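Take a look at the structure below.
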Amino acid sequence: MKRFLIGALAVLALAASMPLIFHNEYFFFAGYVVLQFIVLATAWNILGGYAGYVNFGSGAFFAVGAYTAVALYKAFALPLGLQILAGAAASGLLGFGVGMLTLRLRGIFFSIATIAVAIVLETVVLNWHYVGGAKGLPIMRPVETPFFASHTVWLFFVMAALAVLAVGAARYIETSWIGRGLRAIRDNEVAAECSGVPTLKLKLGAATLSGALMGAAGAPYAQYLSFIEPASTFSLNYAVNALAMPIIGGMGHWIGPVIGAVLLGSVQQIVTVTISSEINVLVVGVMLVVFVVAAPEGILGLFRKLFPSRKS
Amino acid sequence: MTPLLQVKDVSKNFGGFMALDGVSVDIAQGERFGLIGPNGSGKTTLINCVSGVLANDSGSIRFDGREISGLPAYQRTRRGIARSFQIPRPFASMSVLENLLVPLEYAGTGKLDEAHEILKQMGLADKAATQSNRLSQVELRKLELARAMAARPRLLISDEAMAGLSSNEISEVLEILFKLNAAGITIVMIEHIMQAVMKFSQRVICLDAGRIICEGTPAAIVAHPEVQRAYLGA
Amino acid sequence: MKFSRSLAGAVAALAFSVFHVAAFAQQPVKIGMSMPQTGALGAGGKAALLALQMWVEDVNAKGGLLGRKVEFIAYDDQTNPGVVPGIYTKLLDIDKVDLLIAPYGTNVTAPIMPLVKQRDLLLMGNFSFDANARIQHDKWFNNAPWGAGALAWGGTFLEAAKKLGAKTIAVMAADAEFAQNLCTGGRAIAKAMGLQSVYDQNYPPNSVDFSSIIRAVRAAKPDAVFICSYPAESVAIVRAVNEIGVGPTVKIIGGGMVGLQFTPNMEALGPLLNGFVNYNSYVPEKSMDNPAVREFLKRYEVRAKQAKVDVLGYYLPPYNYAIGQMIEQAVTATKSLDQKMLAAYLHKSEMKTIVGNIRYDAMGEWATPKLVMAQFRGIKGKDVDQFRQQGKQVIIAPAAMKTGEVVPFDKARN
Amino acid sequence: MPQVAHPAFLVMGAYATYVLAGYGVDPLLAGLLLMPVFFVFGLGVYQFYYSTFEGRGSDQGLRGIAFFFGVAFIVQVGLILVFGVDQQLVDASYIGTSVEFGEMRIPKRMLVAFGVALALTSALALYFSRTFTGRAIRAVAQDEGALRLMGADPVRIKRWAFGIATATCALAGALLIIVGPVDPNVDRLYIGRTFCVVVLGGLGSMSGTLVAGLILGIAESVVLTTAGTAWAPAVAFGILLVVLGVRPAGLFGR
């Protein structure tokens, strides 16, 4: 635990000192996206990887965070910190609600319900004119950002902090009794229940936390783009990436989603500079299928196979 | 003294099919109890209702004098009802030791020593670090029992723990169950292998088509004409 | 043989690059933009892009800007507003462009307005409608013939409706930046004119089936139907009107239907267009004849055939070429790429382009709008060349450019 | 076996029809011609799925779902790469004209689609109730063990069912593009509609499915005319969520 804490602080310090090394703002613009995917992938993994419930609607949780933040920013000019908290709360609530509705049923119903929620909410936002409806809403960033070179750098740092928080939470869950309970659910839900695991409560908890983290990741989105619009905020790409990254990285360990997000996220960011964005999401889809078929334990699994002597 | 488990008029209906039809039975503290009956007679349904995997449609189930029929399964486990499964359901991604840690942490004492103790008792001590999907059939059966024991039950329900085992392995498992009972744990055994049930049980009931057709000592049950008809005639 | 040929090629390339270095001793002037090349506005965007490329070639043939070669960078935004901010950030931070042109269309321009305002950059607008109304950026110059507000569209259309004796109106509009801006203005004008609204419906962008909406319009029995739509929807609406029918009460229909000006759409719809009254930037009528545009279109057509884009190129290409001309005039006059100086010049000077002389108002819109309303008439079959003839798109307003009187919808259909 | 890739196959069917229509083939005929091709394709996909997941028996739930999700996504992006994000449509004599009933004008394309869909559903219903394989397909959903005892191989039956489902997608895709223009992103909407209808009707019930389809269609058009078209996409998913929450067995389930 101590080592992890030190590591986390080191990552944050590194993030804060990035502006000293990199002067091109685009680095932070792209880095933000990678960090955002770390949060999303880690959040997805808490429910998907540990408990085995596949969320297809990560985009919706992300968007709920983003739009909650936008609505509050527009109405009360809330500071970013509170926007993130509110976004997390709203998406957490959404996760809880969807969980209540479907977590008692077979896993596939939960998955379908998350798609359903994504479309219903997208329709709601399309018709919600206060936050721009279908046509979107331009957001003016605050003019001054204390301590940071620019607003993008500041947002980069915020997202880095969220990523550390998310990974920390995932790691805590994984190594504690909660994680063992979730894994028991994934392996055999009836046996878990008969071993004293309160399966519904645990799943609801995981769905809430997972949703909340996704919402937190979405909250700064409008400020990052200085614009928000439903189609790209609810984009299927978030859902696919949030699911592909942990599966490709390896679902069993907290570092898996991080590896997946850093790898896929950076590749996509680099590729968008040169190649069309279609090809780059196609790569994600193909990699997802290839890994699911050929390397079900992800990159981590491959790594373990190569170096079997190393434990865990 | 009130019986440990009181099942009264319990019925369960699956879309028009009466799996249990007004079953009543009391099981005393410390008893070795046998449950037999042909395939589809409702044995597993009954213990599913007792352990909370299924909810009974009517009737009452009391454990230690308190009504439990509305409770979810995990709470029943925490109160002291543990079970093994007919088809082993290990937590396949975990090691044998971790399998035990789940009930230990959620329903038992949470002490790691205890897990090792149980593994030793079950003869699985040297498999503690093995991943559970690499176990043999008999080891899986033992793991089922060991995991149930880790919840520190007062009532252990063993659902066909011996099916498919050799006679040596059967006596091994029987021995374990006798030892657990000697330590004060009430045991309900569901079994197809008659010798084992008859050797183990102090009292036996026989279910057929969701009803109890007879109840008594092993010797009396074997002699009962309805049992003979149910088993041999069907 | 093969070797020597490739060697010769290499020598030639080397010589060429040496020549390059000599001719443009400095870094090129980079001009960047995103352009919808696929998606809803793709058909128009591709044509517009070709015109801009033609300007880049022309200006480089003349020796570039400030003696430097012009390098033009354009990305496809797929008409997806969500990707536009990322593209412009990349243009500014990775490609390090000197000047920015906005993508064609309001929906894809709106997302970058905060960005250019924050960085205080010059942005040449490209057929946007009221994109700057909220942000009020002082370095925005929109090249579009309609000016600020909806008067140039709604005013002329609704006056024509009045002339035909309309008392009631139905409004249908896409729920997107452009269409909403326009129909909000249109509603206000209709109200001021005393037209009674009997049906008013927004629909989500990229709707496919309009049969139920057209049925509802028919049931409301309006005299006029004002439509603000994007290309795919415009086409679908024209088809649905033909299939379901809007009923005998409707005397005039159309107004703000983007996409009916694109040649591929005109070709595909053919006679289904008859009777529709729609805005346009250029139609081949006598009153709009302009030798500069004619000359440009002649060159454009050759290129368009090769590139397989909109062959007529009436709607966007001349205006996009004009954007290039304005940049050229401002940079040459100020001898600078400084955004402030360029903006100041654009504000105070008259810009001379192939689409006419343009002056900008304080909001960066055309001070004197020049938008026409034209009615499709007598279109037969799906032959492209008929659209080059006069009388196929009769200008019914404004009065100064009128080439015919508006005809009631059902009369123009038969 | 709830399946998330079939809506993508549906859109694929629509695009395949579009390509054939480009060579002058009538879209309906194109749909029929595509059925055997899609059937074989479906067999192949299932075989692959079986040998990598079900056969191995390991953790098929999560990875199986992820696999089909990935396949659906690849189909969608592949279509975008080949055809672009633009809407595509086909032309035929029954598209763009309508039949008049007094004041009402009903587009012929709708009548054609309705008729063909009805015929297809009836044919499938007959197939499932009258033939051995059809009944076996229905049985496999409930009890694989019993089926084995009957002497049928559940894997073969499931593969067959998958093939039929995929072949149906070909014709349904043709209907889709007859009814209106298609773009690669519509499959997401159809995931909702498909599952809504199936869950509402009760898994495995043909008549339930038909009734549920009608209910959804009526609900969508009611919302369309009362609340406005902007709300229509949410209808199917809204109903689906409510059904999942209230009555997961479906309207006609036990």
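Just so it is clear, A, B, C and D label the chains in written order, and each chain counts residues from 1 on its own.
Everything that follows uses one rule, which is that a residue touches a chain if its C-beta (ideal position, glycine included) is under 8 Å from a C-beta of that chain, and two chains touch if they have at least 3 such contacts.
Since this is a predicted model, take the numbers as computed values, not measurements.
*Asks:* Tell me which of A-C and C-D has more C-beta pairs in contact.
*Replies:* Greater number of contacting C-beta pairs: A-C.
*Asks:* With centres defined by CA atoms only, which chain is the most remote from chain D?
*Replies:* Relative to chain D, the chain with the farthest C-alpha centre is B.
*Asks:* Grab the C-alpha centre of each chain and report whichever is closest to the global C-alpha centre.
*Replies:* Nearest to the common C-alpha centre lies chain A.
*Asks:* Can you compute the centre-to-centre distance for chain C and chain D, using the mean CA position of each chain? Integer Å is fine.
*Replies:* Averaging C-alpha atoms per chain gives centres 40 Å apart.
*Asks:* In whole angstrom, what separates the CA-based centres of chain B and chain D?
*Replies:* Computed value for the inter-centroid distance: 45 Å.
*Asks:* Just give me the whole-number Å value for how far the CA centre of chain B lies from that of chain C.
*Replies:* Here chain B and chain C have centroids separated by 77 Å.
*Asks:* Can you tell me which residues of chain C touch two or more of the remaining chains?
*Replies:* Residues 78, 175, 204 of chain C each touch two or more of the other chains.
*Asks:* Mind pulling the residue numbers of chain B that touch at least two other chains?
*Replies:* In chain B, no residue touches at least two other chains, as defined above.
*Asks:* Listing for chain A: what residues touch at least two other chains?
*Replies:* If we look for residues of chain A contacting two or more partner chains, we find 126-127, 134, 186.
*Asks:* Which of the residues in chain C end up touching chain A in this complex?
*Replies:* 76, 78, 80-86, 89-90, 93-94, 107, 110-115, 117-118, 134-135, 174-177, 180, 204-205
*Asks:* For the complex, give me every residue of chain A touching chain C.
*Replies:* Residues 24-26, 29, 126-127, 133-136, 138-141, 143, 225-227, 229, 231-233, 235, 272-273, 276-277.
*Asks:* Mind pulling up the chain C residues that touch chain D in the complex?
*Replies:* Touching chain D: residues 38-39, 42, 78-79, 175, 201-204, 206-209, 211-213, 216, 232, 236, 239, 242-245 of chain C.
*Asks:* Quick one: which bits of chain A touch chain D in the complex? Just the residue numbers, please.
*Replies:* Per the stated touch rule, the residues are 48, 52, 54, 56, 100-102, 105, 107-109, 111-113, 115-117, 119-120, 122-124, 126-127, 134, 186, 236, 240, 243-244, 247, 278-279, 281-282, 285-286, 288-289, 292-293, 296.
*Asks:* Write out the stretch or stretches of chain D touching chain C in their complex.
*Replies:* 84-87, 96-98, 105, 107, 110, 179-181, 183, 221, 224-225, 228-230, 233
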